[in-house]
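Structures are listed in the sections that come next.
After this come two complexes, each holding chain A, first together with chain B and then together with chain C.
Up next, the complex of A and B:
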């Protein structure tokens, strides 16, 4: 046992020691390999753990694309911790809570409003989010939305790989004879969203599937035109769309 | 010599009884869905608990984040909560020996239960009454502190479960790291999974019912709240890998008298290291955890009662626990299933006990297995079934009162409960919570035997003389006589 304890201790210590090493790598080409960006677009001062004093990132070629994991805001920043104990430390989504990282700020704000007026009445929304927003000041909501929209999203990649091609076709072309419109028209070629239209790329399979199913079940009817759009989707098509989108890594796609 | 023998006998009885009572008191250690947490976060109890105190993935992160997440009403009122547990206990067979019996069966009452001298059917309206300080203190510092008035603790207010932590979040390369410093007073009270002993099943126990004499160090109450204090640090990486190291030290004799209602008979010597490794994978409505933990302690057995404080150079027992746990959860807005498994392997190097005549062997092993399933419907109706099995090395001195000198006990625990306020309490105090339930403990083996398990009625071979052709009226309690029905009402506000 003592030996085991020591082993664990040394493991923990080496992990601690590993932290700064990774940080040193991050100053070089580490971020580049991580985010598939060219080293040139990641200047040396681009240190992700140095705190807010250092510039977080210089705009990459696709300026709207969030590159870095932001450090948590200080005491005067938005209360990110109130969100991340459910949505995950860097808001990549956790259990049934969707990813917020990289989501469009206007969409986040709109949804916070929908939770507040209960128009987004999906079961998990009612269970968790209705209680999370009544005390949220509009300024705080805006700051939180802005913060999360600038966090770099990671693709959940947890759908059924076999359905990806079917999902892609459906996403890009729809199915006119079945009265299914294309998704690409509003959500964009890489499902990156725009304005109050949400980014879908890389959201978790289970979240996407649940949302697509629940419009036809009568939930969140104010989110026009989604209740109409999803009406004609079969269970298999929902599966395919959710699978395709969960793998869609818009970092790669947007280059 | 006679004096020493008497002393050893007393120590043995103390050790066995202490262990038994430790089991009892430990079992009734309580957990909570703290109303002050609900006020702070704005969330219902059901966000963090399937049926309190069982945590959800979100509850575990709220805890690991230092109890500091907010989102609720901004009140100047300190995060104080209250708890009351009322119980009714019925044993399959009362504890009084039949008239004319010469059995030396000792009614296993906890200390301080004066006034409950009936043989059965105990009603106790205030089994435990607690006050909590639970929530954010400042910035990244938060706490869960419980003080309990309980008959278990000699009818006094005592320092109960405490977990104070500072937790920060950093992004280090590709890793999201929550790191924290933790101070607590009960090994595993800091753990966020309900497989480990402090917050494990059963969530509530009866202080009146006899329990198995043997329990592992981490499951027993020798290192209960206030007997030890621990400080350590932890890392939670990518919402997935949890690593923790904590060191525990014993508190002083005087401190234990003052604040815990009396010291345990055993004394912790030096610093006992505790480790925890766990991997949790969450996907959609599913969560799976697999982990290991353990503690290594130098113990002066009987040190608190047998030795003057500060005795130097006395040999110690070395007790090593290694635990392995597994938890699976499937949680939707309607159903919540939790499967829990926990196995602790304990090695006791009994150098000190052997010398003192408390044990007959130099090394004893003790193994404890618990496997359980819980189903909760709409966070309101909870059904739980758990199988437990304690077994280990027979020791004719340490377990002299047990059948075949064996520590083995085995059985089932069932619980049905109703939690009316998990998704919001009455409008006057929406943060209130309650759990009203019935639990039944069924023993297929108790202290080494299935029948004739009366302590102190065994001969040198471990057989119960009185029940095997003895000439006097036998008492002859069987394992199932200790089956316990517990009805409880548990309020938090």
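Up next, the complex of A and C:
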């Protein structure tokens, strides 16, 4: 099952990476049939690669409604399928693509901008996301962010259970003697995030671990203060944090 | 000024003694007291959350501005967090990891910073806030803020600077004064604020926050 998922993801990813080709919109281009809701000859097509000619979807003004499993948006909605090819069914994350469901809308929008200006330069970002966003219309980005932020997140729960307690202590208190700051002060008591600060609860172990490692390797240095926050973390501490967070179901915690 | 330094030095010694006694009796305050990397590493640790220009940061909780803050006030807060007289789940364990010998250098470092206010609205009426700041609210027994905090809201010695502070931090502080700082502080003038904060309405707190957060 996982193998199939990987294959689908890498297929979609390699297609995404071929973005510039798609921009040529060659007659009968396979990509056009994959990404276009309507044939490329129709001017107001709905495509994440080309970007819509006009804003196609206006999210409701009140973004505080509860998270839910959403029906796919209709023909006038944002092109979520272009994201879920890689990010998985209902955007719960798949292979190396992180969960988007329940993520903070302002954070998703900010990261789409960071892929666009290449300031988020982590290897998978450069490989996949840089090619996915150049023609993304800002209105569409906003609509996608709004849509995924309302999707109910499920905890990946794929870390090492034995490290959960160690991870919880580190998350809540940091380790002042070693100058390691607490995560709770920015990401919140249940790792739910706020504003442009991401929800971490229930993201996959491998994604969290990779991100925490890569700041110290020199990637994504614009995401202050994370490069400084992670520099004093040991490999074992990163393991513990990623494990703890992967099991955290903040919606269950707050019920 | 000398007298104040003398008092600090004496209370530092007393505190260190008290902590040592607690440590040897296995209290919750016990733990590794030695911090890695010395004072420069500790300053960078502070800046990770409070901002590399000391400007504060909007996390899940508002992290207060330290830039330009009065040294006496900063040292008092570290001391009170460390002793438990002022308590927050985040700052109390952090303050206990800071050796009292570092207080002076840390306070001087942030006092010397002069970054621009971070901004961020409070939803309050800044004109009303200015009126409360300059004239107080006589009918509610609220004194004029400037009388202690200074006309420029820069504070002095033990009295904190308010200018440029994050508005949501100011509102949170004013509305939780008794719970967080109570009347227990041995240092500074925390107890003075108890009746004042009690008599302010939420809207008046937001108004004062809107006004002083914009001062530089």
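The criterion applied here is as follows: the second predicted complex is superposed on the first by the 188 of 255 C-alpha atoms of A that agree within 3 Å, B and C clash if a C-alpha of one lies under 4 Å from a C-alpha of the other, contacts with A are read in each partner's own complex, and residues count from 1 in each chain.
Operating definition for what follows: a contact is a pair of C-beta atoms (placed from the backbone, for glycine too) under 8 Å apart; a residue touches a chain by one contact, two chains touch by 3 or more.
From a predicted model like this one, the values you see are computed outputs, not experimental measurements.
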item: Partner chain(s) touched by A:178 [first = chain B, second = chain C, both, neither]; value: second
item: Chain B versus chain C as contact partner of A:194, first or second or both or neither; value: second
item: Most chain A residues touched (candidates chain B, chain C); value: B
item: Touched partner set for A:117, first chain B, second chain C, both or neither; value: neither
item: Chain B versus chain C as contact partner of A:217, first or second or both or neither; value: neither
item: Touching partner for A:234 - first (chain B), second (chain C), both, neither; value: neither
item: Set of chain A residues, in rising order, touched by both chain B and chain C; value: none
item: Sites on chain A touched by chain B in the complex; value: 1-2, 4-5, 8-9, 11-12, 15-16, 19, 22-23, 25-26, 30, 34, 48-49, 69-72, 75, 79, 81-82, 84-86, 88-90, 92, 94-97, 123-124, 126-128, 131-132, 134-136, 158, 204-207
item: Contact footprint of chain A on chain C as seen in their complex; value: 31-37, 41-42, 44-45, 47-49, 52, 57-61, 63, 89-90, 93-94, 96-98
item: Of chain A, residues touching chain C in the complex; value: 172-174, 176-179, 181-182, 184-189, 193-195, 197, 224-225, 228-229
item: Contact footprint of chain A on chain B as seen in their complex; value: 41-44, 46-47, 56-58, 61-62, 65, 68-74, 139, 168-178, 235, 237-239, 243, 245, 273, 275, 277, 282-285, 287, 294, 296, 320-322, 331, 333-334, 347, 423
